[in-house]
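Chains here go by letter, A, B, C and D, matching the order in which they are written, and residues are numbered from 1 within each.
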Amino acid sequence: MNIELLLFASAKDLFGESQIPLKLPTGATIADLKSALIKRQPEAASLIGRCAFSVDQQYATDDMELNPNHEIAMIPPVSGG
Amino acid sequence: MNIELLLFASAKDLFGESQIPLKLPTGATIADLKSALIKRQPEAASLIGRCAFSVDQQYATDDMELNPNHEIAMIPPVSGG
Amino acid sequence: MIEFTKSPIDSNAVLASVSTPDAGANVLFLGTTRQFTKGQETVQLDYEGYESMVLKELKTIRDTAMERWPIQKCSIVHRFGTVALAEASVAVAVSTPHRADSFAAAEWILETLKQRAPIWKRDLRPDGYTEWVEGNPVT
Amino acid sequence: MIEFTKSPIDSNAVLASVSTPDAGANVLFLGTTRQFTKGQETVQLDYEGYESMVLKELKTIRDTAMERWPIQKCSIVHRFGTVALAEASVAVAVSTPHRADSFAAAEWILETLKQRAPIWKRDLRPDGYTEWVEGNPVT
């Protein structure tokens, strides 16, 4: 399946885009998404390790299964307030 | 010596005045003032027991000696805020 | 800003009085007239105070707070006279470099003011009955 | 009132939005841009956020706070874009029947927002250098 990953702040700077397409096997989870990201951009491994991920604007755990209709985002350490 | 005692809120209501004159011996303390007040108005004894007293706009202890130039006030339990 | 005033409290002015580029945290507390207390209705509150001593006490409370916390600026305003429902009787504002201090200092100031400022309130009930609110003896 | 906005925060409107005769205590917290942090000067802050998720998270934070404390009304407003020195980046207002709850709830909301809202800031220094502030990993 094809998904679009939304990127913000330092993640957007690192990947150079605010949104990147990723091809994942059907039934892939957030954990699989992380592995695919690190494979694509090995220098992002450290940042990815400190990021959370959201599915449909809610924080998601590593074992959450993804589908192509989900809105998926990578959330670097937050600094609001 | 003659002093004027300032009264507020429930103390003012009880004595019916916002200021009352009192005649006290030279060297009298806040404790002596309280005794004189209770003698003058026995039904005020309970309220006087719950009141603080101030001398020149500062809370004063029972052993503080008074003089006629002091501004002396009786401070019922406070309810600001 | 330390005031004991008959006029309605301008909360915006109180907040502005503590604004500074040195602070990252600003807390404003407003104590307002609540309609119901334990089922008993209040129509309005009337405040009386020993004005010259209120001003001295509020300054002492501010100075003590500024010794205990790294406060940039601090304002305390209390009303006297009639305060209608939902109107503010007291405003406390503090600005500090960091968040936790601003909350702790503002809460301490409020608590200390309620224990020590020579101010009294009377509540008016719907049937016209009015009485002094039982307060805190100053120790 | 839950907002994520590019406009300057109208603190008066935020405070007014929680006013009610049912409350005796009203706390407004403003987080403002501080000029110096550990000796390092800041000229301005730039905020970016994941807008749709920010709004969801702020609503969740408000709902959770309203379950934990007896809050009458609660508003949370955060800015994005450029925030100048001494301007507010965030405003939190709560009204409660009693004082202690208003301070505790407002502080908890701020703390939780800083841990969970998908918002990021970058500070601009006098030499033109700018970088993302190291934030809190969401767990």
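The rule is simple: a residue touches a chain if its C-beta (ideal position, glycine included) is under 8 Å from a C-beta of that chain, and two chains touch if they have at least 3 such contacts.
In this text, all values refer to a predicted model and were calculated from it rather than measured experimentally.
Asker: Quick check on the contact network: minimum steps from chain A to chain C?
Answerer: 2
Asker: Determine the centre-to-centre distance between chain B and chain D, using the mean Cα coordinates as centres, and give it in whole Å.
Answerer: 49
Asker: Nearest whole angstrom, what separates the Cα centre of chain A from the Cα centre of chain B?
Answerer: 73
Asker: Where the CA atoms of chain B average out and where those of chain C average out, how many Å apart are those spots?
Answerer: 26
Asker: Can you pull out the residues of chain C that are in contact with at least two other chains?
Answerer: 31, 99, 110, in rising order.
Asker: Give the residues of chain A touching no fewer than two other chains, as numbers and ranges.
Answerer: Within chain A, residues 81 contact more than one other chain.
Asker: Mind giving me all the chain pairs that touch?
Answerer: A-D, B-C, C-D
Asker: Spell out the part of chain C that touches chain D in their complex, as residue ranges.
Answerer: Touch residues, chain C against chain D: 11-12, 15, 19-36, 85-86, 88, 95, 97, 99-100, 102-103, 106-107, 110-111.
Asker: In the complex of these two chains, what residues of chain A are touching chain D?
Answerer: Where chain A meets chain D, its residues are 6, 8-10, 13, 50-52, 54, 57-59, 73, 75-81.
Asker: For chain C, which residues count as touching chain B in their complex?
Answerer: That would be residues 31, 47-50, 52-54, 56, 78, 89-90, 110, 113-122, 132-139 of chain C.
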